[in-house]
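Look at the two complexes coming up: chain A is in both, with chain B in one and chain C in the other.
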Partner chain A sequence: MAINVKVVERPLEETSYVRATLTGLGKTFKHLIDPHKVTTQYPEERESISPRWRGTHRMLTTEDGKAKCVACGLCPTVCPANCIKLVPGEDEQGNRYPLVFEIDEFRCIFCGYCQEVCPEEAIHLGRHYENSEYSREGFVYDLERLMAQTHPVCEMWDPADPKGE
Partner chain B sequence: MSALMLDLPALLQVAADPQQQPNFWPWFIATAVKLLVFFTLYMVVVAYSTLAERKISAWIQGRHGPNRVGPRGYFQPLADGVKNFMKEETLPPHVNKALFLLAPALAFMPAMVTWAVIPFGASWASPWGRIDMVLADLPVGFLFTLAISSLGVYGIVLAGWGSNNKYALLGGLRSSAQMVSYEIAMGMSLIPVLLLAGNVTLRTIVNQQAEMHMWNVLTLSIAFVTFLISAFAETNRLPFDLPEAESELVAGYHTEYSAMKFSLFMIAEYANMVTQSAMIATLFFGGWDIPFMTADNTGAVSGLLVLLSVLIMVAKIFFFVFFYMWIRWTLPRFRYDQLMSLGWKFLLPIALAYIVVVASLTLGLDAMGIKRGFVFGGIFLAVNAVILFTLFSLFDRGRVVSPAYGRLSEDEVARLRAVTAARANLSTQAGD
Partner chain C sequence: MADTPLVNLTIEGRPVAVAPGTTILEAAKTAGVLIPHYCYHPGLPVAGVCRMCLVEVEKFPKLAPSCATAVAEGQVVHVHSEKAREARKGVLEMLLINHPLDCPICDQAGECELQDYTYQEGRKDSRYREPKRFNAAEDFGGDVRYVQNRCILCTRCVRFMDDVAHDTVLNVSERGDRAFIGKFEGKDLTHAWAANVVDLCPVGALVSKDFLNKARAWELDRTASVCTGCSQGCNIIVETRDNTVMRLRPRSNESVNQFFMCDHGRGDYRRLNRRDRIEVPSILGASGHVTVDWDVALEAAARVIKGKRVFVLASPNLSNEALHLLSRIARRSGGAGAFRVPLGGEAPLPGAPDLALRADRAANATGAQLLGFTRHDAPLDLMQAGDALIVADHDLTEGDAASLSKAAVTIVIGSAMPANLPKADIVLPIANVVEEEGTLTNLRGRVQRFLQAKAAPGMARPSWYVLADLLGALGEKADYFVAGDAFGALAASEAAFAGLTYDSLGLRGLPVIDAARFAEAAR
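This part shows the complex of A and B:
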């Protein structure tokens, strides 16, 4: 037997089991008839995402359907995760274009530097987050796939309009 | 036998008196139909009560609950059933095979069997004779339910023992202690019902409540409270779910079970819940008696009234199933010592004392020549109100469910402090 146990004389309202039970039943019943369902039913409902959301990349194209990229090499240089692979090529007119342009979405940390650094506004991050593949290799998006993406692109932070208004 | 082999159409002829028992063949067909319909409905209700439980818990907790299978999740029980059939039946090497396999069946059957004697509707005055809305109209139906429902503990105990697993064994142990303790309080709390009805046939108990124009919950409130608490303990539902206390015993007695064997324990739990709800409805809430109506109380009645009475019974059962769930998602689990002290120190003495009260009150009122009716019930109601008020004001002060700290009287505290002081004195002297 523990000695010097502090024995508190509690008022009836605090020790009554029946009162506590009835209060509890009332509370649960209130929740039952008026449930605050706060769960987002994900595949059917989606939370709206910010216009500055940095998700899956997109490569924008010119009017004739070619990638805007001029293979300047800035994005693989600036990429902190080293996830962009770029092999430049040159056509007969001397225009540079990417022979290989691959982004490993699995390595990417979605910092948005590539979009910020791109002089042609070719590579963009997008407002899109649902990526799933059966293999790691599946996450390496090549140029075709980057050009085929249709989701809206990310709006970069504008120092002149910091709140995005 | 040759009499039974007569051609069917002749025997299906209209009987002389619809208040009399029908001939063999109509009786046989009616029983078979009742059996099929009610067993099917019972199983469906049991399956859907799992969904109801998940939905109600979800709503109480501000969630949506299962809503993927079918419209709003209504086919969830089917998916669960399919899943349970497809899953692997594990048979751990260390189990006692015979008991391990026997236990789920033993847990499952009593819940089903009890259901057979519960009357679920007024008798139907059919063209072929009186058809009782009960599967087996046992004259000792009440005793039968008590006897069979106590068999349910064997399934749980054998599951715990046969699993050869310490958590399962603890679960089985707790369950046996709990169910044996509360069985007594339960039986004792039902004696006042018998005293009032003067019979052990469930149908008579329902009729008696109808004749009194007052359900037993009003005339025998104390018995109702003790029975309700014992029924919760008997079905191992929260706040008495110690046998499967997840936070302490993994899953208690069904830790080692998988697939359909596990599912049988779950079905047994919900089946027990439905059966106990039916018992509460029959014994204390007038069974199939339609409130504010006397037309249904006189022998066999028309088909429409029978249907209405069955619906009333179903509504009552559903309410108590809901009540079980409501309680479950409101109250936390009792501690083991609280459980035992509640059962032995409070429910049993109260139930015993109440038998004396009801017996003497019945005897006294009968001696005074008061007819069983509204006045009779009213006097009972008044007495109950007084007792209930006294009980709650006397016992509901942190005594029934003892708090986490030990409750000591002032003298005891003073004595213990003196002992400590004396010990401290002794040790300082020894140190010098």
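This part shows the complex of A and C:
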């Protein structure tokens, strides 16, 4: 069955592209001279981020440069994405410490539970979001790398200001 | 006992009837009420030192320690009344004065009774501001480390060593807030059952050096099983993580091991984790072993067995089901089976009746004998020239190797390759005791079930499954789909096991029909 196509005759003013193009170009030139700027010139300029920003992890250290972590195993237990690998061990003084502590930043969903559960205030999320690597393996951060991070840590929850206002 | 009238009482509003002389704590358990306690343990004499089990009994002038108070007719007990809770809260606060609260680095965290009860009914904070007492951890010898700071002085360990192990090693040294568990001069926790103090310790004061920092309590998966360290057949819990056995702990069974398990049995987890396992079925070809499919391997095994007399060298650690199927394979060809039991020193636990680390270091020697296998120091002497030899998970000594040439063909059905075996024509991998289900018969003729705790490596299959398939390939009907089916066939055809069913065994086991003769042999 042939399809009946009804061809509607429209006046030239409606079908011509000339007017539409000129309207668009007019808008472009208007914005060229308009002083109101909306684009942030990243990376030269940066937006400020919230103190509760949950970004790249960081392991805090004690005064003598050791990781605060005691390998209690709470963060791998609480982690909903299963991205923390922890193998506990014992050092020469008989202190419990992590032999292996790895966070897969790709797997991580940045929920912040690890920071919240940590009894030693060792693992923190940070106010940092710029991560790039040449390989997937590079996103598995080991203890050394987590300790070497210097960005400010996330202020997860301030008891004096529970709503973060 | 049946004509002794029961005592009726009410615990938390629930009527309970128990035998006279029962303590309130035990009576409460029957009513489904757990009274918090530290020093009380059903396997140890009552001490009444922790004051944690205080309950309110109507018409008593003051609170009563339920572990040391016998029930009386018409008693009304309140476990969770305001007064009792307040008292226990006080006890907990006192216990926590010097407790370091180092739960993040404590091995007991997650299975700690101090943690549990503090969450349940303790204060949320401490009112004490003074610095906590600190003492260094001490090595108690054996597998035990004592962390004094965490100790709550319940004295379970002291009572275990004195009254159950009859080896006085531990004591309570010093007095008052300086008190700690001390070791007598020149003595160490080297008793063969000493590691039980680690399980008995309700807190993390006594910890296993071997298990230290290896796993957290909440990461472990627990499975009921039976220890294969000796012929006692202690009931155990296999604790696994990531398909690896992390430790073995005792499971209470009044008729076998009460609440205990020996150090030899605990160390057995290493053998269960061994890495040099057979993972694929293979057939010896012109240029060494060739990996083949299960069907091919079983067909080949059936082909070489057919027409020959079969001699089975069966490990006395195999399950009853596997041994039954092996004996059927041997019997249908007019063959025989034998085994050797590895021997070791006997180490009794004097405070528990009929409990010892037995000299026979095999879990199912009784079962093997009941199923027609001959116990022999040189089992291969019973083999005739030209036999088809099946080595079923049995170890070979250098002495055995000389007799191996008598065999026309050698088939290995095992979890690992036996040492001193120059040549195996066909190799069939099977699961070990924590990787399959089945039953074992201990030296008193008690048939006990064990459950699967982890996955078998590679293509290995449960022993009863492999042997039933082999029987099938030989032309005998043996289509069992679960271990219980294989046990059903065993109970139906072996007189000694008659009347037992897989379900009726439960997890505590049942004795075989003429178990009395095994008990007699002991005396």
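The working rule: the second predicted complex is superposed on the first by the 126 of 165 C-alpha atoms of A that agree within 3 Å, B and C clash if a C-alpha of one lies under 4 Å from a C-alpha of the other, contacts with A are read in each partner's own complex, and residues count from 1 in each chain.
Keep this in mind: a contact is a pair of C-beta atoms (placed from the backbone, for glycine too) under 8 Å apart; a residue touches a chain by one contact, two chains touch by 3 or more.
Just so you know, these numbers come straight off a predicted model, no measurement behind them.
Asks: If you count the residues of chain A that each partner touches, which comes out higher, chain B or chain C?
Replies: When the residues of chain A touched by each partner are counted, B comes out ahead.
Asks: Now for A:21: first (chain B), second (chain C), both, or neither, which partner does it touch?
Replies: first
Asks: Give one of first, second, both or neither to describe whether A:37 is in contact with chain B, with chain C, with both, or with none.
Replies: The answer is first: A:37 touches chain B but not chain C.
Asks: Quick one: classify A:29 as touching chain B (first), chain C (second), both or neither.
Replies: Only chain B; A:29 stays clear of chain C.
Asks: Who does A:160 touch here: chain B (first), chain C (second), both, or neither?
Replies: A:160: touches no partner chain.
Asks: Would you sort A:89 into first (chain B), second (chain C), both or neither based on which partner it touches?
Replies: second
Asks: If you lay the two complexes on top of each other, which residues of chain A touch chain B in one and chain C in the other?
Replies: In chain A, nothing is touched by chain B and also by chain C.
Asks: Applying the document's contact rule, which stretches of chain A touch chain C when the two form their complex?
Replies: Those residues of chain A that touch chain C are 70-74, 77, 88-90, 94-96, 119-120.
Asks: Taking the touch rule as given, give the residues of chain A at its contact with chain B in the complex, in rising order.
Replies: Interface residues on the chain A side: 1-8, 10, 12, 15-19, 21, 24-25, 27-29, 31-32, 35-39, 41.
Asks: In their complex, what parts of chain C are in touch with chain A?
Replies: Contact set of chain C toward chain A: 103-105, 109, 137, 212-214, 216, 218-219.
Asks: If we count contacts the way the header does, which residues on chain B are in touch with chain A in the complex?
Replies: Against chain A, the touching part of chain B is residues 56, 58-64, 67, 326-327, 329-331, 392, 396-398, 400-401, 403, 405-408, 413, 416-417, 419-420.
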